[in-house]
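Shown below is the structure under consideration.
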Amino acid sequence: MSAFAGSEANETFVLNLGPQHPATHGVLRVKLTMDGEYIVEAEPVLGYIHRMHEKMGENRTWAQFLPNTGRMDYLHALAYNHGYVSVVERAAGIAVPERAEYLRVITAELNRVSSHLLWFGAFILDLGGFSPLLYAFDDREHILDLLESVTGSRLTYCYFRFGGVYNDIDDNFVAGTQAFIKRLRGRMPMYHNLVTKNIILMTRLKEIGPISAEMCRKYGATGPVCRGSGINFDVRKHEPYSIYPEFDFDVPVYEQGDSMARYMVRMDEIEQSLRIIEQALDKLPEGPVMADKVPKILKPAKGDYYHAVETARGSFGVRVVSDGSNTPYRLKLRSPTFSNLSLFGEACRGMLLPDALALMGSLDLVIPEIDR
Amino acid sequence: MHVDPEIIRLLAFLIGVIAFAALNAAYLVWLERKEAGHIQRRIGPKEVGPFGLLQPLVDGIKLMTKQLIVPAGVDPVLFRIAPILVMVPAIMSFVTIPFSETLVARNLDIGLLAIFAFASVNVLGLLLGAWGSRNKYAVISAARVVSQNVAYEIPMLVTVVTLVMITGTMNLHNIVMQQQGGFWHWNIFNFSASPLMPVAFLIFFVCMLAETNRAPFDMAEAESELVAGAFTEYSGMGFGVFFMGEYANIVIGASMATILFLGGWDCPFGLFPGVHWFLIKMYFLIFTVIWIRWTYPRTTFYGLLNLSWKILIPISFFNLILTSAMLKVF
Amino acid sequence: MNRAAIKQKLAAIPAEAVIETDYDRKGFTLDVQVAPAQLVAAVSVLDAAGFFIEAVTGVDWLGEQAALRKEAQAKIAAEAKARAEAAAAAGEEPPPAAPPAEQGELPEDALEAVYDFNHYEELCRVTVRTRVPRSKPEVPSISEIYPGANWHERETHDFFGIIFAGHPYLVPLLLPEDADYHPLLKDFRP
Amino acid sequence: MIDYLREIISGTWSLFVGLGITIRYFFQPVVTVQYPYQTLPMTPRFRGHIELVKDEETGETRCIVCGMCQKACPSNCITVNGEKREGVKGKVLTEYRLDFTKCSLCGLCVESCTPKAITFSKDYNLAGVRKEAYIFDLKKRLEAKNR
């Protein structure tokens, strides 16, 4: 990146990026103050698809809010379901059968792979390459088929229930998943040859959009954004939930903090997720997939409870405050991209427009999840 | 009444050239969509006509029936003149391109010069359209187009100068005639003049991509950054003419590469030279241009300038010096 | 940095309660209750210890005081009843009924601002809470210490109307820019 | 100087590798399904809008009008009406109205149903021009299907 040539303040102009813009992946608006093609200041404007999920939670029973969680982040819906059912299980003291936890991990990790694949395609699309998007979609479609055969739905699965999962898997799913893992492992070198090693992509990502570890801390960035800045933080390892401690997997961490590092973290995570799925399929125990004694009307004890899960975008936390009734008294959804995007304004200062868009793409934004 | 047959010939050629340019523009869109489809493992247009062959027609009708929106506050003259400024020079360039030994509208002695002169007007059209449409994205795009063009004219022209030194003429017909008799006579393999001729071809090809604003150098359009760049405010046929101009420019670029480096209408094996060979080579190059577009991400503006000033210009100058030295020595 | 040390440091700030909670049960390790005036001091301690900010939110405790009083009254009534029964069982005269408790003005209900912090290296989720009266909900802003709190505070202002004093740009973030309502207040009616 | 050349050559090589990959795909068969000329088989668990199950013995619905589905629904899109009839134990279903415009296909109603009277349909070709077309009376649908 070339240096930022400062000039008189009155030579700047305001550029409205969005709410309808190809690079913002939804309805995000960024108010850019520009000096030529350099960004002097960037202010993201949110709330275009704000749905007030938190208020909705207060007006529904605990179980009725479940479908909403998958609609926050439609790309990794199962992790959001997982976070919500986990916090309610914690509050109500429900124990989950082991097989159900395995199924949760398998499906959530498959969903994470699909989310990363879509991010990969969309990110390259931001950089102007179109074909990798459709190759990634080709692979993602296999995951959606697998998940559809289990959950009956392709995007907002709503598969987890308090105390287990909605229905059991069959042998076809196991065989199909194993075949898919083999297929995707075979395809990854193609992605790296076509995209990662491409000289144009390297010049566009290397040393572009640096985010320091300190900046991550000050803004509360989590997920691949902080792991690309050399912070080894993954909720699956940091505060292990479900049965993640049973599996052997690595947390990819890159020190550079540039867009390339975040790209590499996600690409490596695909491989790690495949490893988890493989181990889970091998170890999959027999047994029920639903706890026996789940009361029909949940009334968790008074108090507040927190549970965080690692989604494809970072640490998603749910804080519920229960007053002992059958509806949540207060439900706070801590969305990872909200924090990740909040550092964009500072990180892109002095950058060129195309680089800033590469940086924005590397943050992996899902707007419904920011706006909630 | 006596009519000069030359005038009739010229008229026929003019109509032919315009028809050729328009048809090319229409069917290159089809080719682009089909090729992109198959690269991405889908079919591409298929509903209108067999293999979607009538798709360009339908697209054309759609563009023509659309309202021509002239936004408030635009410069009315520049906004309207810009698409024409892109389209007309492209058609004019066709006049001097020799498709075969006899199939040429006007065989100019300075044909090469004329084409490069016309090619630079294209940028002016984009600049005026972008400036005139009073849109911030378009203005950014205009600034990009101009500096991109400055950066790319130099290595391209240096390469062409090298070639002119070898051929000793600017007459396109003569340049092709010198390359007759099989692919080992083509300029791209003219190792006796300079061992770097394939590299020179590559430089020329890259510069052609940049000149015609094709991916990975489509910074002017850059749909994921600048929405549609210079064309943001254009609708209907205003946009359509820009589009046609763009494809016509690609045809010119591919034709020039064919003539200068690939022996024009010459058959690679010395058999049956003719217009078909010219078209095969040209369309192969266009296929490659489209193939490149659907493979790479877009470069950035400074990446492009770096490539031009740090790599292409030094190498093309080195080639120039090497060639002149070799011409002098041998 | 260990948990005990940070607990000690936080406890050193006057007028606050630091409670170690059961992580497995609650999902957080330290529950810190501070007065609004001590908030910045508490957050500075966390900042110095390398914590990152997870979220800022609020809870509206409308009706809490009434519920507490009702609970207290029920307890008193139950005790009185138990005493009366015990007395009756013992064959004694039931003691005279206690005079009803003072029904003074209810103390005002509170809005609670909740801050979640976590540490990248060690699992230590610290929840900082501060309570302000509903009629004058004003909390000092921590966006100077954590720039990331800027958006979270704006969001909390949107939803609860809590005013973060010293915030550089306290305009609606998720709600429309002319929104003058606070949907997560319990007495909000659309 | 050598680094400079090496960088150019490796960079150019990476570009040619990319071209090689895309041209290989160009000659491979397409993977898309040409809907609506071709369709894929539905998975048995596909969650379409709900429908009433026909009881094999009676040929009627199994619904006992307990209203559990109505209570379970997060979006209040189910309305169940029944009436008492002479000689029949329990209530008889008169109307089962599903407002599909609000339904989020979560499946909580199907799970809550004790007599297993509702299930997911396999309809996905749903298109219409009026909102009212998506307020289904499932009882009438079942009767129409029986006929």
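Letters A, B, C and D mark the chains as written, and numbering starts fresh at 1 in each.
Heads up, the rule we're going with is that contacts are C-beta pairs under 8 Å (C-beta built on N, C-alpha and C of every residue); 3 or more make two chains touch, one makes a residue touch a chain.
Because the structure is predicted, anything quoted here is derived from the model rather than measured.
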Touching both chain A and chain C (chains): none
Between chain A and chain D, centroid-to-centroid distance (C-alpha), Å: 25
Whole-Å gap between the CA centroids of chain B and chain C: 69
Centre distance in Å when chain A and chain B are each reduced to the mean of their C-alpha atoms: 43
Numbers and ranges of chain B residues touching at least 2 other chains: 39-42, 294-296
Contacts with two or more other chains, residues of chain D listed in rising order: 15, 18, 21-22, 25, 31
Pairwise touch network: line, ring, star, complete, or other: other
Interchain pairs in contact, sorted by label: A-B, A-C, A-D, B-D
Chain A-touching residues of chain B, taken from the complex the two chains share: 36, 39-42, 136-137, 140, 143-144, 215-216, 218, 222-227, 294-303, 306
Of chain C, residues touching chain A in the complex: 25-28, 50-55, 57, 59-60, 114, 116, 118, 120-121, 123, 125, 127, 146-148, 150-152, 155, 159, 172-176, 183-184
Touch list for chain A against partner chain B, complex: 1-2, 13, 15, 21-23, 34, 36-37, 124-131, 134-135, 138, 194-195, 198, 200-201, 203-204, 352-355, 357
Touching residues on chain A, where the partner in the complex is chain D: 60, 63-68, 71, 131, 135, 138, 145, 148-153, 156, 158, 161, 166-167, 190, 193-195, 197-200
Chain B - residues contacting chain D, complex: 35, 37-43, 46, 291-292, 294-296, 311
